[in-house]
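Several structures are given next for inspection.
Presented sequentially are two complexes of chain A, the first with chain B as partner and the second with chain C.
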Partner chain A sequence: MSVEAREKRQPWILLSPALTAITLLLFIPLLFILVYSFWLRTATGADEVGFYLDNWREALTDAFYRDILLHTLKVAAITTVVCAVLGYPAAYFIARSKGNKPVLLLLLMLPFWISYIIRTMSWINILGVSGALNTFLLWVGIINEPMQMLYNEATVILGLVHFLLPFMVLNVFVSLDGIDETLEDAANSLGATRWQSFLQVTLPLSLPGLAAGGLLCFVLGAGTYITPLVLGGTSDAMFANLVFEAIITQLNWPLGSALSLMLLAVLGALVMIYNRYLGMAQLMKGLG
Partner chain B sequence: MSSVTLNNIVKRFGSFTAVHRTDLEIPEGAFLTLLGPSGCGKTTNLRMIAGLLDPTEGEILIGGRRVNDVPIHKRNLGIVFQNYALFPHKTVAENIAFGLKYRDVPSGDIPGKVQAALDLVQLPDVGHRYPKELSGGQQQRIALARAIVIEPDVLLLDEPLSALDANLREDMRVELKRIQDQIGVTTVFVTHDQSEALAMSDQIVVMSAGRIEQVGAPQEVYNNPASEFVANFLGASNVFPAECLEAGPSGAVLQTALFGKVPLPVEKSMRVAGAGPAKLVLRAEKLQVMKAGATPEGMITAPATVETVDYQGQTVRYFVRVGDTQLQAINMIDGYPFSKGSAVTVAFRPRDGSALAGR
Partner chain C sequence: MAERATSLGWQVIRGYAVLVYIFMFLPVMVVVLLSFNASQFGSFPMTGFSFRWFIELWENEAILRAFRTSVILGLLTAAISTTLGVLASLALVRYRVPGANMISTILIAPILVPEVVLAVALLLFLNFLGVNKSFTLLLFGHVIFTLPFVILVVQARLISIRRDVEEAAMSLGASPVQTFFQITLPLMLPAVLAGALFAFTISFDDITGTLFWKPGGVETVPTQIFAMLRNSISPEINALGTVMIVMTVGLPLLGAAIARQISKKSGL
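Moving on, here comes the complex of A and B:
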């Protein structure tokens, strides 16, 4: 075999285990879900095999689903903005710290060592009626009755920010870390103050990282069902909760399949838009 | 355009002293080079003038004004960085216009000034391009254009040529000097390359280990080094021990083991005060390798053996053994070089030597 032919084959050989896994574990199950979404659940509880558009009609026309989808996108958007505002300065600090960068990055990864569910539930111990904050405020005497702080939209967003902030910081950090610091020196020497050179040079050059972090936060935030389940009230259900509800509680796999594909399509469209304008390479950089 | 003065400058990083007590006067309009090996403190000095580092002690004056507490963006300096530091997300024209936006330049005048700067660096048609679309040498010119378009009081160049390949570096050297002559701005140039320093400077400051070894015009530093370090850093030199027999207004006489008595003219012996231990410095290209037994007029000779021949086309570098000492000689080639092992005579004119005091 010629060298060229071998070089051409090599990537495919190296990729084949991963491609096999993705095909077996992602594409084929997705195909099942697609087929499922055209089946119909009958009153007896059995699924009727066939090509029915009923599930799709319900998912796409019922205002209930539309409102929850919009609510989901809103919560994800707020979470993303909060993560960006909180995460950017932190990422900047880490990128510009000289000696202890590895330590700071390790601290950033530390939350990942604890299960996301446990981290989410920890807020109950902090904000609950007999949680740490209420106990403290009662003890100090600022309040006489414990406050009801949990189970609303704000705590859902709080939980999501807690979960997603490290992803944002990491992405912005990678972007900032790749910017040559002498660019700021150059801007300063040309007459720009530190703030002006940040706005003119550093911020625009770090936008790809901010966008990558934003996409990750948004997609992960919009797809979550644990946070609203643990920290949300009855009206704080997000779209993934509907899927959970349909499949696990009502055992209505056909409808659940249609709903989950709907969410996939919306988030997939977002990723496509991102990819069109910024490219996936930046996101990969942030994840690696 | 302004003079620059360093008064009693000291820079320490923790317990490490990067720059020992330094005084330096850079006259208005001069092209001064800070020359030395890496870690000698030359870049630290430049960064202190720039305002990128604060001196631990002492004061820096630009145009007679103390600038220690003036932040970098108010110092009005043009800096060219080693890696150019062009803004990758801005076009060439936007890069050059960057500094003008922070000055009282009417926005209508900016395009004209940008074009004039592009013309000066002989790249009139690249304004709309992005830096990454230009070659290294072109990026270098744009960095220079960006630094001079603001009409800085002082131009600071931090090893601006070191990222270029050899041929381009020599072209840019000539180009840089031409531009500096044309605008006449006080320039501080940092390099570790002795040929750049010799070719471009009005004044060379040779630095080593945080101290200034010598300040002088290129010819002065080259022909009459103030220390063994300077002699060896600027080209190849032979430095060997001698005994000064006498020194006075008519010159000095050095007694050497290899060449006997060597009389030096007064301008080459001003570093020895009188009789005592001394060193003779002889540049490698001043030592001539000749046929054995030659007795050239007015030269001091010694018999030698060729140990290594380093053929370089136009020139040849010999390592020859004289007695128990190895000396270097860099000679033009007339015909064929001497071969390894041949017995030869080495010779030099006494006025080509210079004296250093001490052991």
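Moving on, here comes the complex of A and C:
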């Protein structure tokens, strides 16, 4: 074989194990559940192979599923906005600080390394009936009885924000850090106030990072079922909880397949729109 | 710039950032604090300082078993994922591959798909092939889920390795294989370790996919904690949380320090 032909073949040899794994363990399984979603679960518990539209009809027309999908999107949207409001100024502070930037960033990234389930349950220690806040309020005398602050929509959002905030900060930081600071100085020297130069120079330039962080927060937030189970009440189920119920509890795999694909379609559409306008490169910058 | 440090706006931003830091750290610190509580309830008030919950943890057979499962799963995941990831990253960084953008997107696809959907698809497909809920299924799942992260981390670090060092070795008579093992691999070591550590940590922490894939009776540390939460929050969970915090924060920091040490020694 010529040297040139070998040069050409080598990268494919290196790529093939990873590409094979992803094809066999992701793409084919996704196609498989598409087929599975047209099968039918019979009363005996066995799945009947065929082409039935029943699961899709149920998933798409039942108001129960629609309401929970809308609720899920709402929770994810609020979470994303709160993450942006909390995360942007913090990222700005790190990016423009004269102190030790890497350490400041690392410090905010540390919680990212701490177990998700631990971070989620840690709010029970703060907000629970005998948690820190109730204990403090009782001790000060503001309340006489401990308050029930947990297990509602607000605590689900709180848990999600706590989980997702590092993604937002990191992405915004990456884009703010890449902006030439002299641009702002130039705007200032041309008579803009600091606030004006932020609004008209820095903010627009950092929007790609904000969008990347927002996409991650939204998609990860909308796909969770652990946080509602730990911090939510009975009416705070999200769409992924329905998937979990269908697959693990009811063992209705055809319906579970349809519901999974519905979630994938909604969140996948967002990723596509993002990719169309901003490209994946920005997202990878923030992840790497 | 000098005026910025004292300007009111900057003071406000700094104060705001401090509040965000507190928000991130306070709950975690409370977990650590409560794990040393002498009281038999996992909550306030603190009745004294005690190590008893760590001792109980050490004597809890279920938790130790979960811990072993998580460590073995994490190590195997890291080994496989890092091997696949390093090879793929080498191809993307070192060669001009036609359609490199498309390939990159395919390689990170497992994190673009919501984890729940990935979990369902893998469970149903492998079950169809005769692989039931098992350790094998868990391992497959963790590998596919961690692979994109490994590739992103390794790729970012590989770019900084200069190719002319290898070319120098080859021009001095080293064979390509010799060059790889004596030059490229040592230079890549920090990237490989970073990737492996990332894979291990993500695997060790995963619960979303794990709950779908794990067979009944097998628990990893996160699913064990999740199962324990069903009762009420016991001081043991806080102690376990403290151990996990020390592990997951300590390990990457240690890894970063080692990586820095290695790259300092190699002088590049």
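Here is the rule we go by: the second predicted complex is superposed on the first by the 271 of 288 C-alpha atoms of A that agree within 3 Å, B and C clash if a C-alpha of one lies under 4 Å from a C-alpha of the other, contacts with A are read in each partner's own complex, and residues count from 1 in each chain.
Everything below uses one rule, namely that a residue touches a chain if its C-beta (ideal position, glycine included) is under 8 Å from a C-beta of that chain, and two chains touch if they have at least 3 such contacts.
As the structure is a prediction and not an experimental result, all values here were calculated from the model.
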| item | value |
| --- | --- |
| Larger contact residue set on chain A - chain B or chain C | C |
| Chain B versus chain C as contact partner of A:Ala269, first or second or both or neither | neither |
| First, second, both or neither for A:Leu86, with chain B first and chain C second | second |
| Partner chain in contact with A:Leu205 - chain B first, chain C second, else both or neither | first |
| Touched partner set for A:Leu70, first chain B, second chain C, both or neither | neither |
| Which of chain B and chain C A:Trp195 touches, first, second, both or neither | second |
| First, second, both or neither for A:Val243, with chain B first and chain C second | second |
| Residues on chain A lying within both footprints (that of chain B and that of chain C) | 194 |
| Contact set on chain A toward chain C in their complex | 7, 10-12, 14-15, 17-19, 21-22, 25-30, 32-33, 36, 86-87, 89-90, 92-94, 96, 98, 107-108, 110-111, 113-119, 121-126, 128, 130-132, 135, 162, 165-166, 194-195, 219, 222-226, 229-230, 240, 243-244, 247-248, 253, 256-257, 260-261, 263-264, 267-268, 271, 280, 284, 287-288 |
| Chain B to chain A touching residues, read off their complex | 50-52, 71-79, 81, 83, 85-89, 98-99, 101-103, 146-147, 150 |
| Chain A residues within the chain B interface of the complex | 180, 182-183, 185-194, 196, 200-201, 204-205 |
| Chain C residues touching chain A - in the complex, by the definition given at the top | 4-5, 7, 9, 13-14, 16-17, 20-21, 23-28, 30-31, 34, 41-45, 83-85, 87-88, 90-92, 94-95, 97, 101, 103-118, 120-126, 128, 140-141, 143-144, 147, 149, 151-153, 155-156, 201, 204-205, 207-208, 211-212, 221-222, 225-226, 229, 233, 237-238, 241, 244-245, 248-249, 252 |
